[in-house]
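There are structures below to look over.
What follows is subunit A paired twice: with subunit B in the first complex and subunit C in the second.
And then the complex of A and B:
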């Protein structure tokens, strides 16, 4: 035996009650579950008082680029994530002709906030084909990767500039089908597409120029392999989302494929959105279609700078008008005491404590302001004898409008609605977007938040049900047959955690992107060890290991 | 036939961490629907409608929204 995890509370992913015992691993596979394993192993871990669960699977990530220099997908791995699915939202790094790289980089920068440095020198572009990309990935993977092929890049490969001009003709459709077939043969777990995303010039991404016939033709190829179709629908536009559910259901039934759309949000602005969408999903599922809405666990925060006119200021016309001024005029207006007094009076003489008091400073560029990061405007205002609104303007001006602020928990934030939604049998927990939006907010730790908030605090789930949702259910939905359960013969992906303290850590700025680039992260709390294909990949005691046991997995 | 108009305009969080404008459109036949605009699109809608506050958007023609959706980078 290579590894024995002893005395753990085994939550095996089935949703059935947990039980106590040992877990044995040999040659990267689970060979024994439960009871007392006699003898010894090369390595033993004492998991007394800890949960031993299948490794978590994150079905909506954008680690495509990061994985090329960080095969551990930090910090996802330390949160217990052992398998990630990149290539969502129509964007993947392959198949991609060399001449189209700048266009893809632009899309990644716009949609995922991936900085220039991530593409410039952090890795070597050695591929054009999907299998070439996978070959580059495999060199030092520490997590498992089940990559999607992106519709936008397939379109770009076949149609060139016309990919963002028109529908495809018959020859182009056939070429796209053949290209997708090659991706699936190489190991793609499915195809992703988007109905909403725009590129760096605010123009629709290539996938949005496709007619339904094109999606139908590509779904037919997915049907040859039984693979997944992922889409980004027009969230909050309930009627259009319902139409998308119907479209996906038709494709699912016609081609016998699973489909998923992400994200589905709960919103106070459209309170019946979730109920109507789930009703339609239920109706289509009853017909035999597989249409899985992905719902994220974390609430939505809004981050903003004074560089862009955030709609948070639309409640106060003077502020919003000022924010829409050209940059230099905006700075001059905010620096003008008379103009600022007018804005403050409009916001409320107290600086609108109710609205601005709890907003936090996210980032600054002036070294001397570094101590402000993480503090609330109310706190800083009290210290300075000022008001939150005045403090916010002062910090922005001092930082050349580049200070960023965070208004937390503004959407998808009613636990009494989100908890039951996450527990709904037809809801697929996911949509973390890990690896994306890196300079706006942290997309890591959603699984910790699931356990701390919805299992431990609110008890919307049993521990067993929550584990099942992010392991066996995810594997089943995506057709990943040898993961997601603690079962002899399956791949030994295991997460060991303390159910009393598992959580996501506080959001913090990290400078661990290429060329010391900044991103927001959350570190894990309560995770003890993470095992990928039988190798210890991360532990609370020793951090990230040198193991590179991750694999490319597919359906 | 009467024209569809904006019945409600609210700010809501977008999935990318920015605030978005969510518009409720009321159609002539009594039906309604939602359309979301990002910060850039919303700023353009305010300009087109000569609006200074959210309430000013209420009652405006849906054609303004169509213009912005059809020419997103305009």
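And then the complex of A and C:
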């Protein structure tokens, strides 16, 4: 035996009641579950008082780029995530011709807020094919990766500039089908597409130009392999989301494929959105369609500075355009009273100051502004006889655009509604977006939040049910056959944690991106050890190990 | 299992413009009236820039929003 985890509370992923016993691992596989294992092993871990669970699977990530320099997908791994699914939202790093790299980088930067440093010199582009990308990934993997192929890049490969101009003709459709087939043969777990995203010029990404006939043709290829179709629907509009549910159901039934859409948010602004969408999903599921809505555990919090354009301003075009200006032009525009008046009228129409009233100052660089940290813009505005939007700009300018602000609880933040939603049998817990939006919020720690908030505090789930949701259910939904359970013969992905402590840590700024780039992260609380394919990848005692036992996994 | 009634929609076929869709999806109406109806039901497409541009993946509603019952608390 290579590893024995002794005396743990085994929560095996089935959802059945937990039990106490040992877990044995040999050659990267689970070989023994429960009871007392006689003899000894090369390594033993005492898990008394701890939960021993299958490694968690994160089905919606954008680690495509980060994995090239950080095969541990930090800090996801330390939260117990042993398998990640990148390539969501129509974007993947392959298949991609060298001439299209700038366009892909532009889309990634716009949609996922990846900074320049993530692409410039942080890795070497050695591939064009999906197979080549996986070969580059495999060199450093410490987590398992089940990558999607992106519809936008497939379209770009086949159609070039016409990918954002017109429908595909019959030859192009056939070429896209063949290219997708190659990706699936190489190891792609499915295809992702997007109905909402825009590129760096705020123009629709290539997948949005595809007619339904094209998606149907690609879904037919997915059907040859029984693989997943992931989409980003117009989640802010219920009727359109319902139409997307019906489209996905049609494709699922016709081609016998699983589909998933993300995100589905609960929102006080549209209180019946979730109920209507879930009702439609339930009807379609009852017909045999597989249409899985992904729901995140955490509330929507967005941090921002005026250094970069934040998605918080995506629906106020004047602000968004201003924030996208080159730095000096941006400062000049914000300092221009006439321009600022226009922005204020857009942000606070008719004197309605609610939009920015509750935003808090998160950090400043000017010593004399230190007293503003933690206060709301509304509070500061009242003190200054101004308005929240004006004081936000004033503080930004005074701090050379480096003041940061926090807009907390923008939605999906009513636990009495979100808890039962997460526990719904037809909800797929996911949509973390891990590895994306790195300068707006931390996308790590959603699983810790699930256990601390919805299992321990609110008791919307049993521990066993919550573990099942993010392990066995995820594996089954995605067709990952050898993970998600503590069962002899399956891959030895294991997360050991203290159920009384597990949580997400506080959100903090880290400067661990290439060229000391900043991102928001959360570290784990209560995780004891994370084992990937039988190797100890992270422990609370020793941190990240040198193990590179991650694999590319597929259905 | 029979699906409950949902708001009807269509998608554009390659090469179709708004008059084509109006004639196909609302064949019982005069084209101008059908176009006006489609415009009023698809503001999500007409409010974006350039307004009314149809992308292949767009959902195009062919009737007004349905009146649906509100879920009750508890």
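Methods note: the second predicted complex is superposed on the first by the 461 of 555 C-alpha atoms of A that agree within 3 Å, B and C clash if a C-alpha of one lies under 4 Å from a C-alpha of the other, contacts with A are read in each partner's own complex, and residues count from 1 in each chain.
Assume a residue touches a chain if its C-beta (ideal position, glycine included) is under 8 Å from a C-beta of that chain, and two chains touch if they have at least 3 such contacts.
None of these values were measured; they are calculated from a predicted model.
Enquirer: Contacts for A:300 in the overlay, against subunit B (first) and subunit C (second): which applies, first, second, both or neither?
Expert: In the superposition, A:300 contacts subunit B only.
Enquirer: Which partner does A:270 contact after superposing on A: first (subunit B), second (subunit C), both, neither?
Expert: first
Enquirer: A:204 in the overlay: touching subunit B, subunit C, both, or neither? Say first, second, both or neither.
Expert: Touch partners of A:204: subunit B and subunit C.
Enquirer: Should A:175 be classified as contacting the first partner (subunit B), the second (subunit C), both, or neither?
Expert: Neither partner.
Enquirer: Subunit A residues in contact: does subunit B have more, or subunit C?
Expert: Per-residue touch count on subunit A favours B.
Enquirer: Mind working out whether A:214 is in touch with subunit B, subunit C, both or neither, as first, second, both or neither?
Expert: A:214: touches subunit C, not subunit B.
Enquirer: Does the superposition put A:167 against subunit B (first), subunit C (second), both, or neither?
Expert: A:167 sits against subunit C, while subunit B stays out of touch.
Enquirer: Tell me the contact category for A:242 with respect to subunit B and subunit C: first, second, both or neither.
Expert: A:242 sits against subunit C, while subunit B stays out of touch.
Enquirer: After lining up the shared chain so the two structures overlap, which partner does A:440 touch, if you call subunit B first and subunit C second: first, second, both or neither?
Expert: first
Enquirer: Quick check for you: in the superposed arrangement, does A:283 touch first (subunit B), second (subunit C), both or neither?
Expert: In the superposition, A:283 touches subunit C alone.
Enquirer: Quick check on my understanding: which residues of subunit A belong to both its subunit B contact set and its subunit C contact set?
Expert: 204, 234, 237, 239-240
Enquirer: Please name which positions on subunit A make contact with subunit B in the complex.
Expert: Result: residues 111, 198, 201-204, 234-240, 263, 265, 267-270, 300-304, 308-312, 314-315, 317, 320-321, 324, 410-412, 431, 433, 437, 440-441 of subunit A touch subunit B.
Enquirer: Using the touch definition up top, name the residues of subunit A that touch subunit C in the complex.
Expert: 166-167, 193, 195, 204, 207-215, 234, 237, 239-240, 242-244, 246, 272, 275-276, 279-280, 283-284, 286-287
Enquirer: Can you name the residues of subunit C that touch subunit A in the complex?
Expert: 1, 3-4, 6-7, 9, 11-15, 44, 55-59, 61, 65, 68, 70-71
Enquirer: Which positions of subunit B touch subunit A when the two form their complex?
Expert: Contact set of subunit B toward subunit A: 10-22, 33-36, 39-40, 42-43, 46-47, 52-54, 72-73.
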